[in-house]
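Below is the structure I would like to discuss, written out as structure tokens.
The chains carry the letters A, B, C and D, assigned in the order they are written, with residues numbered from 1 in each.
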Amino acid sequence: MFIILVFFLIILMVGAAIYAIVQKDLLYAVIATGVISLILSALFLLLQAPDVALTEAAIGVALTTIIFIITIRNTVRHEDDFKDRDDLKSAVK
Amino acid sequence: MKKLIVILLLAVTGYFLVDSFMDLGRTGPVVETGVKDFYLDKTVSELKVANTITSIVVNFRGFDTLGEVTVLFLAATALGGILYKRRHHVGERSVLFPSSPIVRAGSKLLFPAIVLLGVYVFIHGHLSPGGGFQGGTIIATGFLLMLLAYDNFSVSHNVLSFIESFAGIFFVLFGFAGMWAGGTFLENFLPVGTMNNLFSGGIIPIVYILVGFKVAAELTGLIYTVLHEKES
Amino acid sequence: MVGSPVLLIAIPLLAAFMIPLLGMIWKELVRIIPGLVLAFMMISSASMLMYVTNNGTIIQTLAGWEAPWGINLVFSPLTAFLATLMTFMGFIVWLYSYRFKRNVDFEPAKKYFIFLMMLVAGAVGIVITGDIFNQFVFIEITGISAYALTAFYTGRNSAEASFKYLLMGALSSSALLIAIAIIYSQLGTLNMADIASKIHLMPAGYKVTALIFFMMGIGIEAEIFPLNGWAPDAYTEAPGPIGAAFAGIVVKAGVYAMVRMVFTLFDVSGAMDILLTIGLITLIVAETAAIRQEKLKRMLAYSSIGQMGLVFVAFGIGTLEGVYAALFLMLNHAIIKPLLFLSGSQLVFNSKEKLIKEVNGLGKYMPFTAVLFALGSFAIVGLPPFAGFWSKLSVLTAAANEGMLLIIALILIVSVIEIVYYFRVVNRIYFFDKAEDLIPQKPRVNAVIAMSVLGAIILIIGFNPDVVSTVLHNASADLMDTPQYIKNVLSAGQSLTN
Amino acid sequence: MENQMFEILRYGIYGGSISLILIGLYAALTKRSLIKIVIGLSIVDGGIHLLLIAIGYVKNGTAPIFSPGFENAVDRMVDPVPQALVLTAIVIGFAVTAVALSLVIRLYRHHHTLEIDEIKNLKW
């Protein structure tokens, strides 16, 4: 049971990582990065590292993600149209 | 073309990584008894601390922790320097997250609970999972929630700077106190007490509480700086 | 003995935490305190160097746990020599930039001095620590200070140079963590001496992998060939004194970490050849790039990379003489290159593009600075009787004793290239006519003092190289003697039963 | 049987963390958007942290925290040292990410673009 859970989480995590790098919409990519951190935190808990899990949950999921989002709000949201800023304003608000 | 080279490079790196780590399941490490047995033993017998990670982070490898809070301090300072502008309007928010009344009311309710949880986590760092880093980051997420929910919520920069500086100063001063009382920097010079008591472990809980304050203040200041960055 | 090695790290950290508070009381304190701290570090490490020369290595344990279990600081002849050199250079750079941003902005000046102090403290930490993870933490302290200092000016290119540096730095610190993971997974320890005593148990394949990851992790600071893309940009875009600090302090720490890995930690047989090859490639690529540069600081940066290549070649010879020559080169480079950076940034102070041709004819208008720049140029290409001559001579002797004739030929050819591009600048300073619109910058008193101290040291070493030979001999013997290092660190720990 | 399961578990975790490192490196080296590059760096960091934790794991391990009555469970405890290292490394990684993102904001302010090919005033 334990091993199935771990494998499920690992597959999910690698999937999220691939999603994060192929996704052109940076906001979605950042959320996927947050999901990776969340799964990592769960894996740390399963691997008997509760302290690390707590830190990763607070830093990786909350703080890193929010700093990325603030950066995206200050710059552009799409990976390809580098100069588009109005689109971002209308889409996120 | 560039992608091909990178993929080749990654293949080589991946081969070496797999080669170095995958074998561990079969053969195991070449040295069976590392430093960990000593740590597990001394944590109970000499330091009377229940959480081995706390004892390693604060005592055995306390110097790393001092360096690490310095890295965070430098990052917060660097962020202010990189985003610095001469005409700085205090209170101007670069990014506004419009929030509904439900979110606001909820945040107001949650905020004290989150801060309380953070304080609990870092005070009990030597007894249960958690400690200064964990508690500090939890408190910072509480402030982050308030900053996102309320556009006009602000933290005094001077207060943050005071907390940060004093926590850091006291950390180093505790190190010097250990040097004066026991001979080496950061030595645990207070009586360790009995295990599983709140007041046990000598200077370990005190130092970890200082780390908690410092981390909380630094992370909050960091988020605050980025959030108040305005395009000129 | 005055003080203890831990003070070299703890005092700057304490001061860094205090400066924001003290700055609220009196703004001038943010400039004075770092200077006092750097002066203290310099005096303390110099007096400990004296003690170490007479009484042997100081091992400082931390938090009351002996070597394999706790973190320890090693203050041996080699590390003492490097720490003294770095803190001295830190003090000179502080003196030079004392009036930096004066009366303009309080906040940037405060940050500048905090970062300068932490840059020196982090580099000293890299050198004196005896624990690989602790070294990683200090590399990060140095790295973040260096990124922030590179991005210090708000112009458009400085952020880019800093981002480039940060990108490479982050990737290489990942490599360093992987190397630490490999070592820990196999040997179960993080202490350098403990690793050195157990490394022969490790299978050869893992050893080579770990060594390569270590080299990738540290090579960024040591400016070895594929990893030095950040250096020219960072040197050019950072404030003038910071270029001097990079060349005199950060690079030296990186080189130390690298040779400590190769000489002490790993007993891989081909490692010396790797060092030699890396050094030669770095030397040739950098010197041929330097001759094509049009900006003065970029040229100096490439020359600095090339000198590091020469240092690695000297280390790669692998004999005691080679190590002696390499350390002598490091000492000379740490003194001469900052002098070139400091006087060079005075020469191009008022020009927009900082091009080499903008120094035309400044010899008449800024005689003192120009003389010092010429002195530095003569010294670094190795003209007798200046300091650089003796170090290059010792490299050549060491190579000749090993019969490496190809290397001697290459070094001589590269020296010719160096002579060409340095003399081109000196020629422009003295024998060209000044451009009409350029206003020469008169150096301030503190800058003059800082530069003339460096110039005086170059002359002293040049006319009497014996003043440093004892220290250098001790240091090179210390680096070669791995069993003694292990014994020094672990002797106290072995008696403790667990 | 149980040993075999444990071995499979180890392979899974190592494989997951190594693929995370490689995916992140790929993003950091080939992507043209600065934010994507920083995302790649943080994925690499996550992979390395998982790798370090996996090194310390032992079969049927328990967390290295002593609770009253279980003081003699030392044999089954996982290695605490990598956990302490990861704790430090996470915070350092966050600091580096924050500095990188602030540089991204400043680059955008000057260039009004995030494409790395267009931000090349400085050449090798």
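Criterion: a residue touches a chain if its C-beta (ideal position, glycine included) is under 8 Å from a C-beta of that chain, and two chains touch if they have at least 3 such contacts.
Because the structure is a prediction, the values reported are computed rather than measured.
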Chain pair with the higher count of C-beta pairs in contact (A-B, C-D): C-D
Length of the line joining the C-alpha centres of subunit C and subunit D, rounded to whole Å: 30
Centre distance in Å when subunit A and subunit B are each reduced to the mean of their C-alpha atoms: 20
CA centroid of subunit B to CA centroid of subunit C, Å: 30
Centroid spacing, where centroids are CA-atom means, of subunit A and subunit C in whole angstrom: 38
Multi-chain contact sites of subunit B, meaning residues that touch two or more partners: 17, 21, 24, 34-37, 39, 41, 51, 53, 61, 64, 68, 71, 74-75, 78, 82, 129, 133, 222, 226, 229, 231
Multi-partner residues of subunit D (each touching 2 or more other chains): 15, 21, 25-26, 51, 55-56, 63-65, 81, 83, 87-88, 90-92, 95-96, 98-99, 101, 103-106
Where subunit C touches two or more other chains, by residue: 133, 137, 140, 144, 147-148, 151, 159, 162, 178, 181, 184-185, 190
Set of all touching chain pairs, with the criterion as stated earlier: A-B, A-D, B-C, B-D, C-D
Subunit C-facing residues of subunit B, complex: 16-17, 19-21, 24, 29-39, 41-42, 59-64, 66-68, 70-71, 73-75, 77-78, 80-82, 84, 86, 158, 161-162, 164-166, 168-169, 172-173, 175-176, 178-179, 182-188
Residue ranges of subunit D touching subunit C (in the complex, touch as defined): 21, 25, 28, 34, 37, 41, 44-45, 48, 51-52, 55, 81-82, 85, 88-89, 92, 95-96, 99-100, 103-104, 106-107, 110-111, 119, 121-122, 124
Contact footprint of subunit D on subunit A as seen in their complex: 2-3, 6-7, 10-11, 13-14, 17-18, 20-21, 26, 29-30, 33, 36-37, 40, 43-44, 47-52, 55-56, 59-60, 63-64, 67-68, 71-72, 74-76, 79, 82-83
Partner subunit A, residues of subunit B touching it in the complex: 51, 53-54, 94-95, 98, 121, 129-131, 133-134, 137-138, 140-141, 144, 148, 219, 222-223, 226-227, 229, 231
Sites on subunit C touched by subunit B in the complex: 4, 6, 9-10, 13-14, 16-18, 20-21, 24, 60-65, 68-71, 105, 107-108, 111, 114-115, 118, 125, 133-134, 137-138, 140-141, 144-145, 147-148, 151-152, 154, 159, 162, 178, 181-182, 184-191, 198, 201-203, 205-206, 209-210, 212, 498
